[in-house]
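First subunit A sits with subunit B, and in the next complex the same chain sits with subunit C.
== the complex of A and B ==
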């Protein structure tokens, strides 16, 4: 089961992911991120505190935004990964290309860097 | 047991013999009386022969009418008519024959007259009894138990009445009269059963009236001949004193008269019954359209046609809007008239805008059509359109009609829904077949056998969660010393993963013969796969080159699960945690900085376990993952076994761990034990 909620605070667009991201629910995640980009958001904060599992398809979603966002100078930061979930990011090597922070403050700090 | 055919013949001869017996006895009696001979022949024999004649004929016609079990009512009446025609032909023919000898003593000879009379008796009895059996069939059509009981009482009483004659009880005796009276009352009661009439159409009713009227004429003729104009002197046996025959006459006459009357009165209503029958037949048409693989449009056409003729509508249309497609069928009305009627209904006193999509009968004041019947059509629970029927007369539709139309519509919708379900089932079946083929192809993408070498043992295992999988492993001999090993996992699972897996195989086999360094291999592979993979897809892969000469392994990890290794020298198991990034993650930037090549020297007894995340992410019913620690622990426990046994033991542990949980992902494993 996957629940995604969004909110906008202080110029930062929050995407809060709760539950599991598998092959079918990854489509929903993809929709939410691309919707935010379509709205012209340039600071994306992905809250993964409630994310308990992510499949390769889910990782594929994050991965697919890495280069397009870099090209357009958009910022996306992920925070609150559980050690287990972080491990899946790490094995794939995504921690090298995605910005992953531990706490919300660090994440916001990164987004607000000039 | 005797067959009915033989019984019928025996009975026929019985009847014939009885009749001959009767005639001979009567003639003999007449002769002895005439000549005042002292030979005393009892009238008893004469009566006995007559009775047996009647009984035999009764049984004979019982079987005879049964033979026509499948004939319709008109055929049955036709048989009565033909029998009557034959009877009258014989009777009149005989009279004519005798009239030739007018004035001659032969014509007034009591013996000759007696024989003529007996022939008449024969044909009359045959006519009456055959008519009786035919009418019995008609009366008992759609019989109830009580009717059957009533009939049996009547029939047994009638048969028993032959005894009255046998005991020589005159018709005028009070007992005989009361029996006759009883039978007459029964005849009247039974003759009320005319259900068969309802099943005739107009023409059949006319035919029946004609046939019955002619049969009535014969009856009248025979009543006159036998009961009224009888030459008493020439006759020993007198039918007018026979209760059975007179009761039969009464019964047949009553039924003929009743039938004619009922048929006459039913003539005007035949059209209604024909209409209902038509409804049923049309309903059958609607049900059968399903079998003939017809398109929806055809079914709707049948529906509109059937509905129009069922309620005798002057015009009608049918409108369906489904999946963006519109279908409009109309009869006897143009498109512009339809629009006019729609607005007419909208503005009529029935206000509400959503006039359609609900069943209703409307009356209109304007326009050519004064009555409108609307029946909505719902397909798979979704309002799809309307069936609208029109009549020029005011109040032309009623509730019954609306119900019939609803039934028709429901049936048509069922036909369409069934056809669709069938189509879906066929498609699903085809997909299953396709998937089976895909499964075979997908399995054939994995190697049949691995490159073996004297310096190591190697085994592999792969299991897909679905029919097709996205895991790949392979080996390749680059040269005498170098052997390449690969294991890969395509993101996602199922069919899309399987397609990408075949691309990975292509990339592997096109790059591997160049004998590139592992790091160069994955940089190239990333380039290629980055171009061909969809944006959300990536591939994780570990690539190894085993140099059997130098006893070394060089390898890279492109985001794949870390390789598990057992070092004999140190007697410990560990994961190689070299840097890595999945193939296709970075497509524009330089990939090289994200990966790292490792080289290690192996010794005899070292074990390398490569696997896909299906193994580490296998979960048990509690939701715990098998994980890296358990896997590592397994290898520590099984390190002394052969490669194959280590693999089997690990797989067994994983299965044991998952317990009842089904496979969530594909899992693949390769175990290499160096010698």
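== the complex of A and C ==
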């Protein structure tokens, strides 16, 4: 099961993912990121501390935003990945193209860099 | 010991398949990483079969069998009576190309190939069989 909640704090848009993102549920993750960008949010903080599983469909959602975010000078950072979940990013080389931090503080620090 | 699960081609069944795989593998001594990697690989093959092989046709069913062949070798058979994708013949896309195209797909079978040690494709009276072999990291 997947649960996604959102909140905005100090100019940062938080997307909090809990549960499993697979081929069935990845559309919900895509919808939430897309909605944030449509609203004009330019700093996205993806909280994955509750993410227990991600398949390639979920990874593909993140991957599909790399190019548009770079093109429009928007920032997205993922944090709180468990070692097992991080390993999946690493196997595909996505840890090199996505911004991934360990803690919320590090992630916020990245978003607030000038 | 061999475990079997039968499912229809519905995306919502993927989580039930993952539960089945985790539960089955818990019968053998395996590292958490090996379990997670096998769950991931099987999930990807099944997702491919459901979405691309059978177009999410819920009337189509397939079966997953899990067995331990040796002390450190897991065999997984995914049997689909209608079709099977030639994973071995699949050319892995370039990650940078996928990013440029803003693609959301194209990484599932790449993941399977990197997580699984050997993949065989067989056809018999029961259908088309995709066989995954995973060597366990524990001795």
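We adopt the following convention: the second predicted complex is superposed on the first by the 114 of 114 C-alpha atoms of A that agree within 3 Å, B and C clash if a C-alpha of one lies under 4 Å from a C-alpha of the other, contacts with A are read in each partner's own complex, and residues count from 1 in each chain.
Definition applied: a residue touches a chain if its C-beta (ideal position, glycine included) is under 8 Å from a C-beta of that chain, and two chains touch if they have at least 3 such contacts.
The shown structure was predicted, so the numbers you read here are calculated from the model rather than taken from an experiment.
In the superposed pair of complexes, A:93 makes contact with subunit B and with subunit C alike.
Once the two structures are overlaid, the count of subunit A residues touched is higher for C than for its counterpart among subunit B and subunit C.
In the superposition on chain A, contact of A:61 is made with both subunit B and subunit C.
By the touch criterion defined above, A:110 reaches neither subunit B nor subunit C. Residues common to the contacts of subunit A with subunit B and with subunit C across the two structures: 23, 26, 30, 55-57, 59-61, 63-64, 66-67, 84, 88, 91-94, 97.
Listed in rising order, the residues of subunit C touching subunit A in the complex are 11-12, 14-15, 18, 32-33, 36-37, 39-40, 43-44, 47, 50-51, 95, 98-100, 102-108, 110-111, 114-115. Put simply, subunit A touches subunit C in their complex at residues 1, 20, 22-24, 26, 30, 53, 55-57, 59-61, 63-68, 84, 87-88, 91-94, 97. For subunit B in complex with subunit A, the touching residues are 489, 491-494, 535-538, 540, 558-562, 579-582, 584-589, 594-595, 613, 625, 665.
The touching residues of subunit A, counted against subunit B in their complex, run 23, 26, 30, 55-57, 59-61, 63-64, 66-67, 71, 84, 88, 91-94, 96-97.
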